[in-house]
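As written, the chains take the letters A, B, C and D, and residue 1 is the first residue of each chain.
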């Protein structure tokens, strides 16, 4: 009997081998993409997730979030696109130690419109990225200011 | 031509200044609005409801017969009439100390042990979750604390004196920050707690989920941290000053609509 | 203040008539409140219960009514006398260090390890606007933007400098010197900030090179 | 064991808006405790959603998703009475599944 951790490690290895052999199926991402979360910038994160083209800014991708966050511990952000053929949506915080915050593998059964909340250590650009089925990588960015709180904050 | 450009730039700069001012307040308001939908306090509310109904403690009983002031088992409306005097304990009690009394009387827990437990741990975390649920059951109702009993009126008067009591290294009292309307600390608006500060503001907003540390804060913890920031020594859980301050704020908030549990910075 | 005897008698009678449910007198409530405060707190870390022992400046400012003029004058005179002016008349330090202190709200709570001023911040932005670039500022105290400039200090040799510098130093050292019940902590008098830290904050406010005076 | 999630799933037309709150520390691994020891990372790594048993969304998260995470998404072609289930798995291998009925 394998523990889940071993299973994950194993499937990661398998996925790696499959990828090397050019046989990477969608479901291989059941293993957590460590390299993408270790990436220090958007381009590297996208590359680690199998993106082959450089990210290009696009009006067809929307990032939602407040201009100012009263507290960086919880910052509501969203990524959306109206374009068809979306494979994956990402949210990244430029100045966080781990730039990549979240990856969403979407299917045709859900809208390419996702909202969550991230932590921000300081004021920073936040990126919403859409990785398309045709290999294009499109993004939008927004600066979110993080303010200091009262008293000891 | 040159002068005109300069004037134009100056006007632009002025506008930018005015806009920056406005957008700070607007930006913060927008941020708060975005967080309202999906308040993690919901998680604690659900946990509190389950705890209320669950048979627990040495006596393996639920809290469903707990009297929060409106009779055994009556939860709706109880929160907006607390603190109040309870004949069985012969004390003015706030929501949390009353919940502990019920946990002692009905479930057989050790009340002194719970009172000693740090916030967020063990049974104290359960008290907070229970308080969150009980408060939520009165959402939308208006505060109307009873003041018919001498002990309740005395509690108010002691609370008022404690509110203005200056001490500590920084000479702060509660009134230093909460004695005037229209002030803020950093960007946070400070409710004037010497009167009804308005619906869902001040006393009518706690328990609240604190975004800054991801914790659920009850009124006892709210007061505890106020005293910490006041540079005071440590107030005991359910101590007379904390109850009296709650009575003072609660009576002052008469007519204010409760939005608890809310979400705060 | 003298209360007529007949009024005292009338009040006492009214209280008696109200019977068992009558409220204690205001003085009795004061005593009960003090007792409640004593019994409600305990030592925790560096925050000991002796912090509840009030001096005159605290006790006289502990109600919704201000103290009498005589008491206020006494508090202000004692506060003024308590001030230690800086060594060698050196009022200004480094405004950059001053800005860091102004941003820092830490110190002296039961979660802080040390009472050494070096562990403390000045808390300034909690209550004051200072450098306009910082949008997260409080409004309990007045705006200090252009503090030196507005007072005519364009360079340090200007005749306006000496009196303004001294006033500001006194205000920071013991704010009660100018307002008996000031909301501002007594930074020097209570040992919250040391002389060098005060100089740095002085520089933030008064140095013509400080961003506050641009 | 982890506390239950709160899932709200509301239908409007043929779309279902799903809002999920999960009870989780989401510890980054970057913070130190009062003794100066690093608090180990502990966060949700994978979230999956199903609609009437059919997988519709998979998310991989890093430690910079906020504590007690919130997730909102919209299912196409849903209606009241449908079932929406959410499962999360964290980096310690803990997991939790909760289900809600679309209203």
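Here is the rule we go by: a contact is a pair of C-beta atoms (placed from the backbone, for glycine too) under 8 Å apart; a residue touches a chain by one contact, two chains touch by 3 or more.
Note that this is a predicted model, so its numbers are computed, not measured.
Colleague: Please identify each chain that touches chain A as well as chain D.
Modeller: Under the touch definition, chain A and chain D have B as mutual neighbours.
Colleague: So what's the Cα centroid distance for chain C and chain D, whole Å?
Modeller: Averaging C-alpha atoms per chain gives centres 48 Å apart.
Colleague: Express in whole angstrom the distance between the two chain centres, defined as the mean CA positions of chain B and chain C.
Modeller: Each chain's C-alpha centroid was found; their separation is 27 Å.
Colleague: What is the distance in Å between the mean C-alpha positions of chain A and chain B?
Modeller: 37
Colleague: Touching at least two other chains at once: which residues of chain C meet that condition?
Modeller: Residue numbers touching two or more other chains: 109, 125-126, 135-136, 138.
Colleague: Please list all residues of chain A that touch 2 or more other chains.
Modeller: Residues 68, 73-76, 117, 145, 147-153.
Colleague: Hunt down the residues of chain B that sit against at least two other chains at once, touch-wise.
Modeller: In chain B, residues 24, 184-187, 214, 229 touch at least two other chains, as defined above.
Colleague: For each chain, which other chains does it touch, given as pairs?
Modeller: Pairs of chains that touch one another: A-B, A-C, A-D, B-C, B-D.
Colleague: Within the complex, which stretch of chain C touches chain B?
Modeller: Result: residues 21-24, 29-30, 32-34, 36-37, 39-44, 47-49, 51-54, 57-59, 61-64, 108-111, 115, 123, 125-127, 135-140, 183, 185-186, 190-192 of chain C touch chain B.
Colleague: Residues of chain D touching chain A in their complex?
Modeller: Those in contact with chain A are residues 15, 26, 28, 30, 45-46, 49, 51, 54-67, 69-77, 89, 91, 93.
Colleague: Please give the residue numbers of chain D that touch chain B in the complex, ascending.
Modeller: So the residues of chain D in touch with chain B come to 3-6, 19, 21, 23, 25-26, 66-68, 70, 72.
Colleague: Would you tell me which residues of chain A are touching chain B in their complex?
Modeller: 66-71, 73-76, 117, 145, 147-153
Colleague: Using the touch definition from the top, list the residues of chain B that touch chain D in their complex.
Modeller: Those in contact with chain D are residues 37-38, 40, 42-43, 46-47, 209, 214.
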